[in-house]
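Below is one structure. I have some questions about it.
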Amino acid sequence: MDILLDFAATFAAQLQKPTLAFLIGGMLIAALGSQLTIPDPVYRFIVFMLLITIGLRAGMELRQADLASMLLPALFTVALGLAIVAAGAFALNRLPGLKPDDNYATAGLFGAVSASTLAAAMVVLDEEGIPFEAWVPALYPFMDIPALLAAIILAGMARQKRAGGGAGKADIKAIILDSLRGSAISALLLGMLLGIITRPDSVVESFYDPLFRGLLSILMLVLGMEAWSRMAELARVAHWYATYALIAPIVHGLAAFGLGYVAHMTTGFSPGGVVLLAVMAGSSSDISGPPTLRAGIPGANPSAYIGSSTAVGTPVAIAIGIPLYVALAQLVFDL
Amino acid sequence: MTAFHKATKIILVVERLLRDKVLAIVETEGAKGYTVTEGIGKGEHGLHGTDRPGIAPGFTIVRIEVIVAGRAAAERIALTVSQRYFTDHPGIVYMSEVEVLRPEKF
Amino acid sequence: MTAFHKATKIILVVERLLRDKVLAIVETEGAKGYTVTEGIGKGEHGLHGTDRPGIAPGFTIVRIEVIVAGRAAAERIALTVSQRYFTDHPGIVYMSEVEVLRPEKF
Amino acid sequence: MDILLDFAATFAAQLQKPTLAFLIGGMLIAALGSQLTIPDPVYRFIVFMLLITIGLRAGMELRQADLASMLLPALFTVALGLAIVAAGAFALNRLPGLKPDDNYATAGLFGAVSASTLAAAMVVLDEEGIPFEAWVPALYPFMDIPALLAAIILAGMARQKRAGGGAGKADIKAIILDSLRGSAISALLLGMLLGIITRPDSVVESFYDPLFRGLLSILMLVLGMEAWSRMAELARVAHWYATYALIAPIVHGLAAFGLGYVAHMTTGFSPGGVVLLAVMAGSSSDISGPPTLRAGIPGANPSAYIGSSTAVGTPVAIAIGIPLYVALAQLVFDL
Amino acid sequence: MTAFHKATKIILVVERLLRDKVLAIVETEGAKGYTVTEGIGKGEHGLHGTDRPGIAPGFTIVRIEVIVAGRAAAERIALTVSQRYFTDHPGIVYMSEVEVLRPEKF
Amino acid sequence: MDILLDFAATFAAQLQKPTLAFLIGGMLIAALGSQLTIPDPVYRFIVFMLLITIGLRAGMELRQADLASMLLPALFTVALGLAIVAAGAFALNRLPGLKPDDNYATAGLFGAVSASTLAAAMVVLDEEGIPFEAWVPALYPFMDIPALLAAIILAGMARQKRAGGGAGKADIKAIILDSLRGSAISALLLGMLLGIITRPDSVVESFYDPLFRGLLSILMLVLGMEAWSRMAELARVAHWYATYALIAPIVHGLAAFGLGYVAHMTTGFSPGGVVLLAVMAGSSSDISGPPTLRAGIPGANPSAYIGSSTAVGTPVAIAIGIPLYVALAQLVFDL
């Protein structure tokens, strides 16, 4: 019972925190038909700012980090990305009335990572005073790319099988390059590189860091508006996707929490790191994933996969997932 | 003086994501230029692009306008793009006759 | 193979504010799709849109392009929008003949 | 004479302050034909930032505010919005050569509120150390919506009368919803809601508040450029509108100052609150009003109403109105 | 009822920098209105405009669309712009026939 | 040998500093084909912010500056702008296979000034603790406008000569006005004016100054991306331009350093001022110059002049020029 109460308290507290409040505010405002929008260039700049900041922080810490201690978490990250896609595709393919292409694409997005959910979790951990290794958020691509890759390859294999062979196979290298070149992962990696090989400390402290939370609050608003307006679209596709999007984030998050706990026991992975691993697994990609999947699985209906991820997956991951893993961490690690 | 010459205009409307691939075909099949504007649209595949900040900006629409001197090149561009992409990607193509100055440019 | 079919293109230029209302008519009167680009313009009602940040962004212009297979639907769209809005709102409408591939899409 | 001297001193001081200086700078730069522009998405984002910050501050204060003390100011706010439109339409309709639609639309804009003028006044009050209840700026919609509504309804009734009935009546609910859904009022209300039901204090302090003055200075620049370039347009319509736009802000502001003084005497409304009430009444809408009026009175010529408000009304409200009410408050309330 | 009237559409594609000069010609030569959209393009003079932030934003392309009632005015606009600018500036111009409602507007 | 070692040390240190690191990061990211972009409106806003800040600082200092001490540096600035264009055109016109129009345009851009290079130098001087008169960066237009003007006039004269007269002469007043009205110089002059006649100190301290370095880091990223992607274009024109772009910045910078030294000796021009004079001369315009030249020398191929300046000139000016002049200043002025 304790954990439930604990979770209830953390959850109630989170509702008061700007991160979640702005997300819900965005949904509300869209629900009421407001014409308020954050201009697209500003939105894209905010995403850039968050990701390069995450990268810079990670890079600055990596200068003196013990690479050995990263190995297990990194490995788990890759494994989670792959396992989530495999499990999701397996489950969805068994449900009636769904199109294989849509299934692979949806499983792919849930295996991939939401940068905004990750940033939200970082702010919550900061507020709760739960420390984490700054390189953990930089594991993002280790989960994202394998997941998108797996989804596209599996979809291609399935298509080929249906077509009786001949459709040619996915160009793995091209997909990986495409993912790395996407604006989100590029910004993260660029920040990391700059953090490692240069001394950006002063500009990070005076510019990037102070803007992080404020910009995140605006991003949450955008996500909330987007979530609401995607719901109508999602309603028009098979309801199994909404069901999957409701359950999957929590299942994935808890599984990742378990693996993170193993890393904690064996290599001293921090409690905050465990939470972030859970958050990454429990999140579904909203920025970098969709274009990659659109290009890689052109037959899939974006209303199904983007709808599931943006309208249900992300709100669940932020509103339920983050407080749940934080409460769990406080319980398990006695914080 | 009134040196107007017949030419053919092809309009291709495709997703932003496909833009560079379609432009490559346009050039390969012999066009000497093109003009591209961005926008939003609706068709068989639903709505493309919205007023909200684009979580997936790749899904807005581009309108590619190509003028070629010969009808044959126009048909080649239209058919190649159509065969290559319009089985599983959204998009339309259409043509009309126009009159140009300086026919050597097209 | 050279399966080009006649169709009619209607262009509607109206204020951004009217966009959704005009698009609703376009769909009601039978069009299966449309493409919209934004811009600025000038006409009887003066200048629309400027380079300065828009104190009143609603007054820029949208250019709506609609292709329909039948001439009748095209005339219906043009006349309905014109009668409903062009007595007191700025805007123009015009039509031309085009050739499309895949006529079933229009 | 004292008040005139006082005003002269305050006015001279204001000219040195960035708010007014940037406004005048913007006019100058436009007058000289500069190609400098603030990109539209940036401008729209700045407006959003200012309004959500006003909302957040209001909401945070409303948590512990005494609702009873708000009643009278709120009532006066509504009354001012309605009275300004009625008086403006009455006056303009009596002048020769003006079109009724243009008159109602112009009176409507002057009854409505300029968010930027309001923000400028808040900064001036801060600088002068004159306190005000943070919920006062949130009264904005209480003046704005009734004014726009009144203008549209009156214009509709007049049109019907001219047409001999039959033109149908204005859809009041639709107009109110439209106003509430406009991006400016949405941002304000969203901020207020978040301020009331969540604890955004830390992000307000670290992000929204520090950016307020700087962003306002840029907005002033934009307003100045816009004012100048609208002047040519205004010159092409009947000169009565320019005359109205020159006089009305001060008349409205002084009337509101009087009502505010009544509220001060009866319910202890703060001196800063009185100034802000005068500023709201004296300001004319530049952001939220025009689109609503364009849709509601399509027959009106935007060059008349936007020209009057943007080219003359707003500069007068900021450059003369604000220093005047501040000087008056310092005199009347012995500050 | 079906009051459609023949008119001529001219499209001018020029660099953004030239926009106001070309629009001045358009108005001088008798057009009552125009519609302008922005975009990118490629032609004889290479690529115009990119997706990267514009170090030189003046080099994007504008597409100016002008409808005039009489063919003569159309030819005048096309030829004047062409002679004035197309010897050393990039750009194209072409025309086509369209049908308009309310011919008095053009 | 000392200076070489000194330069090597300063250079190595600069590579670690965010300014240069972000520039190189931008090139890298473009080289790897990343799709990361800074949205155009954001980029334009950043440029505005940097230039108005430079202007405000200069203006605030000019209030109490000794105008006499500015005379010599200002004179040198104009002279450098003119001399660089004359020398560049002379040299390029003697090389085989080049088009006169392209030569004048290229020499013009290298005579003009890069605001971003200038801002980068200001940050480096701040970091190194080398003081400079805040009005020095405001000399920018004194070099920029004469250089562009000279290039356009010389190109016009050459064209006329080739055509055997008759082509009409350049409209000097129009070109000067055009330059002054360009968005970059307008922002600088506006800031300066506001700085001189108003008291913007508080908003500069709370808003403009703190954002300067961070925004500059993002601008450097953009410049790096632009540099890389212009290289392909540059490769398609005669290689003499790349050679010129490689050598000219350093030659110009060193010449200006010499003149600056003279000003130091005669009127006490600060060491930091000398460095900034060298940086201005050594930089080539990337923002304000190209549109002016496009309009003024329409026959010139932008791939030649923009390519030389953006792909080679600016990186050389920032990566080699700035550290070189700083090291030189430390040596010469014994800092």
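Note that the chains take the letters A, B, C, D, E and F in the order they are written out, and that residue 1 is the start of every chain.
Here is the rule we use: a contact is a pair of C-beta atoms (placed from the backbone, for glycine too) under 8 Å apart; a residue touches a chain by one contact, two chains touch by 3 or more.
Nothing here was measured: the structure is a model prediction, and the numbers come from that model.
Each chain's centre was taken as the mean of its CA atoms, and the one lying most distant from subunit F is C. At the interface between subunit D and subunit F, two copies of one sequence, fewer than half of the residue numbers in use are shared by both copies. Farthest chain from subunit E (centres taken as the mean of C-alpha atoms): A.
Subunit F has its Cα centroid 42 Å from the Cα centroid of subunit D.
Mean C-alpha positions place subunit C and subunit E at a centre distance of 18 Å. If you average the CA atoms of subunit C and of subunit D, the two centres end up 36 Å from each other.
With touch defined as above, residues shared between interfaces to two or more other chains in subunit D number as follows: 37-42, 44, 211. Among the residues of subunit B, those touching two or more other chains are numbered 37-38, 96. Under the touch rule stated earlier, the contacting chain pairs are A-B, A-D, A-F, B-C, B-E, C-D, C-E, D-F, E-F.
Those residues of subunit A lying in contact with subunit F across their complex are 39-42, 44-45, 48, 177, 180-183, 186-187, 190, 193-194, 197-200, 202-203, 206-208, 211. Subunit E makes touch with subunit F in their complex at residues 15, 17, 46, 50-59, 88-89. Of all the residues in subunit A, the ones that touch subunit B in their complex are 37-40, 42-44, 222, 225-226, 229, 233, 286-287, 290-291, 294-295, 298-299, 302-303, 306, 310. In the complex of the two chains, the subunit B residues touching subunit C come out as 11, 13, 37-44, 61, 63, 75, 78-79, 82, 86, 92-96. On subunit F, the positions that touch subunit A within their shared complex are 15-18, 21-22, 25, 28-29, 32-42, 210-211, 213-215, 217, 221.
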